[in-house]
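In the two assemblies presented below, chain A is common to both, partnered first by chain B and then by chain C.
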Partner chain A sequence: MTQLVVQSALSGLLVGGMYGLVALGLALAFGVLNVLNVAHGELVMIGGYAAFFLFSEVGVDPLLSLPLVFVILFIFGMGLYQLLFRFIVRFDIETRIKNSLLISFGLVLILQAVAVFLFTGDDRTIVTGYSSNALVIGIVRIPWIRLAGLLLAVVAAFSLEWLLNRTTFGHSIRATSEDWSLAALTGIDVRRVYMIAFAISAALAGLAGSMVSLGYSVSPSIGLSWTLKALIVIVFAGLGSMRGIVVAGMLLGLIEGLSSVWVGNAYRGVVALVVFLLVLSVRPQGLFGRGSGAHV
Partner chain B sequence: MFRRSLVWWLLVVAAAVVFGLMTQSERVLTLAIQTFIFGALASSWNILGGFAGQVSLGHAAFFGIGALVTRELWLDGRPLAVAVAIALVATAVAASVVGVPMLRLRGIYFAVGTLALGVGVWLTAGNLWPGISSLPVDALRGYEFTGPYFMALGVVTVTVALSIWLRRSKMGLGMMAVREDEEAAAATGVNALAYKMMAFVISAVLAALAGAAFAYFSVSYYPQFPFSVVWTFEAITVVFVGGVGTIIGPLVGAAFFVTGRDVLSSTFPELQVIAFGVLFILVVLVLPGGFVEGGERLHERISRRRTSQHQQATPDATPDATARESVKMEGKEKV
Partner chain C sequence: MLEVEHLGVGYGDLQVVWDVSFKVPAGSLVAIIGSNGAGKTTTLRALMNLLPALTGSIEFKGESIVGVPTHRIVELGLVLIPESRATFASLSVADNLELGAYTKRARAARSKTLGEVYDVFPRLAERKSQLAGTLSGGERQMLAIGKSLMALPEMLVLDEPSMGLAPIIVEDTFNEIKGIRDRGVSVLMVEQHIEATLELVDYAYVLELGQVVIEGSSTELMTDQRVREAYLSLQ
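Here is the complex of A and B:
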């Protein structure tokens, strides 16, 4: 029993790291552009397929193809911004959130249908030589590929914080998210900041997708559940700190892992949602939320 | 004006009744039933999302509860009317209970909270009722489209009638005041939470009514299917493509959605979803008022051309109309 509990808790923490990684990109787009991109999970899906086909068709190891997937999704994100989200950032904040929700929902429909058309509805997983290797500590097994996902989430969070806090471009991103009109007055090219922040958000989704197709599986319909987890993580953690988002993701994963033992595997998702709703009913602004003003 | 539109609505309903009695084609009847159910579901979302301005992503939960309770009680042998009545009461109670904590949430928190609620109920329904629900064999043998047709027609008529009444009532005005500016409405003495609550419960009960029609119409389905978040998303799509906040918009959107799906799905199913997604995005970006606003603009342009032909002597008529249109546009962007 102890073994089962510890093992489930660990698996939960590992998958929770992925929730955090997915949430990082979503938080960046929401914090900087005030764009709520519910198609973020579909970007994860695209990243997953990119990694899968780079592996199966070209033979590139998914860990080595991470930079490549990052670049592919970065460019894809720039395209999406130019094509769609560019038009939304003209509105005031309230309208931005609502319209971006609607538009990205349309995007969900399109990307899912295109994925079914191109890749069929099958589940796909990258199986490498090291896929079944695991770190064994006493009574528990930690698959390396899932540990790699958590590590990537932590690295991504620290890199993002470094970018935002230590670089000039990061400062212009933060300035824009604080007050875009003031930022524009100080000579920051707000449109460029928006585009690149959105592209980084998509690229982070791509990284998450790579690890999802390595440690878990990819199919055209996975997007919604990842988006939902990421949304919950952001509401839990707020937009204040990137590290906080990964920690909140792991917390959500832990709740799910433990409830699969204590409540039953069929209800692991439900328990997490109930906990989330309870937190929301006590704190309608989220655990660390600060009203509608979104800051990175 | 109101009298005249009432006559129009009665004529439309009468035509639908005659149509239902005359039509033999099962395909046409099926399409009509689906349009009615979708129209009712979309109109019910429109009361909460369009009138009161609260974008709920958990609407399918109530559609599902209505379908589930109706179906279980009805297949259990109770009269359909009793089953539907119990389903509506159950939904009203459920919506009142979850409504209070949900409606304390604002904007994105409300959207995400209702999404979590909807998905949670959906997963739970799938866990509790894993088996498929089918009509008994002898019921199948005598299956008639007429019954479901008139039930769905009745459901959509009730929903639309209630929407029309709401929009003219004090309650509806309160809802719209909350939509435009909750703080300002509260400052002028409007009890914002009460109006949001009324919109939430009415919208949920009407969604359950649409679910009841679905349960009565469908031959066999998994009980979790009506709880699927897809119903919420499709209803929202239909509302926005038709015209959010209007009465006729959700109906136009539903007819367009159902027939479009039917035409395209026989040839190329993926294309239908892609085409609808693209159309949806275009509507949100270019025509925030949906088909209804498009029609109005077209009508305005035509009538303006006519007036300018008749009244060449009043050159200031045109700038006035343009100014009015731009004011209206600003209002629409907020929706």
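Here is the complex of A and C:
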């Protein structure tokens, strides 16, 4: 029994790292542009397929192709911004959120349909020489490929924090998310900041996708469940700390993992949602959020 | 330096500014005076292209800036300090000032300008790492002015610089503005504090319900009967 509990907890932490990584990208887009991109999970899916085909057709190891997947999704994100989201940033925040929900939902349908057409509906997993290797500590088994996902999430969080706090461009991103009109008056090209922030958001989703197709599996329909997890993590964590988002993701994964021991796999999602609602009612700004939560 | 002619601005179907014309000659200190709702802030926002100009022309240094993206207007040397929320509350004093020199031209001289700003505003140097949101009203105003100077403006526009400040600080602020003009920066300020403003500026325009109703040098306006009765509460 103990072995089951500890193993479930650890598995939960590992997948929670992935929840955090996906949530980082979504939080960036939402925090900066005030745009809710429900197609974010589809970007994860695209990243997963990119890594998969780079491996199966070109023979590039998925860990080595991470920078390439980052660039591919970065460019794709820029394109999505220029084609779609650019037009809704002229509106006020409330309208932006509503319009972006509509637009991105349409994007979900399109991207899923295109993926089914191109790749069929089959699950794909990248299987490498080291895929079955694991770190064994006592009674628990930690697969290296899933640990890599968690490490990537931590690195991404620290990198984002460095970008936002220690670089002038990062300051311009924070300035734009606080007050875009003052940012423009400061000489900041707000449209360009939006585009790059959105592109980074998409690129992070792509990285997550790579690790998902290596450590789990990818198929055209995985998008929405990743988006939902990311949304829960963001509200759980609150906006304002990248580290907090990864920690909240791991916490969510941990809760799901532990509850699955007693409640069974079918209901693990429910337990997580219940805990999430409890946290929200007691601390609406999220576990690590700044502010009083008045605008949640 | 700045020439605005027959400017018309609106919000959707509501036109707020009608046929406004004014000039700011290089090196001068000009004011637009008016009470609440006169259209002052709307005019300034249109100047910086935060609002589209429905009609009229806006020329800065001889070139039209109508429709030019706001950040490009700042790069050209025209800088606006908005009425409230002129600093980034979630960033520190130092980060606000550094960000002020965001344009290419200003960034090249950033460390030099920063040193000069800290010399003029030693209080800001003391509070370098403090979040701008935790500063007092007067300190935030200082930071707003310092930040705008970081952009190396050729012309500075101030929207109600006295708003919400204690009288002693207003005096300091106005002296600071005079100092800025004396260092060669053209200044346009929009104000409700009419008497103090007229004592400061060279020339002024009076805006009422979106139209210029009186204009003249400050001495002319101070002796103008209409201005004295309506705005200075004198007979």
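Just a few scattered comments:
To be clear about the criterion, the second predicted complex is superposed on the first by the 280 of 296 C-alpha atoms of A that agree within 3 Å, B and C clash if a C-alpha of one lies under 4 Å from a C-alpha of the other, contacts with A are read in each partner's own complex, and residues count from 1 in each chain.
One rule holds in what follows: a contact is a pair of C-beta atoms (placed from the backbone, for glycine too) under 8 Å apart; a residue touches a chain by one contact, two chains touch by 3 or more.
Computed from a predicted structure; not experimentally measured.
Within the superposed three-chain model, A:168 lies in touch with chain C and out of touch with chain B [touch as defined at top].
By the document's definition of touching, of the two partners only chain B reaches A:224; chain C does not. Legend: residue contacts after superposition of the two complexes on their common chain; A:98 is shown touching chain B, with no touch to chain C. Once the two structures are overlaid, the count of chain A residues touched is higher for B than for its counterpart among chain B and chain C. Once the two complexes are overlaid on the shared chain, A:185 sits against chain C while remaining clear of chain B.
In the superposition on chain A, A:243 makes contact with neither chain B nor chain C. Chain B meets chain A in the complex at residues 55, 101, 104-109, 111-113, 115-117, 119-120, 123-124, 127, 229, 233, 236-237, 240, 270-271, 273-274, 276-278, 280-281, 284-285, 288, 333-334. Considering their complex, residues 48, 50, 69-71, 74-75, 79-80, 82, 85-91, 95, 98-100, 102-103, 106, 147, 151 of chain C touch chain A.
Contact residues of chain A toward chain C in the complex are 168, 171-172, 174-175, 178-179, 181-182, 184-191. Those residues of chain A that touch chain B in the complex are listed here as 36, 84, 87, 91, 94-95, 97-99, 101-103, 105-110, 112-114, 116-117, 224, 228, 231-232, 235, 266-267, 269-270, 273-274, 276-277, 280-281, 284-286, 289, 292.
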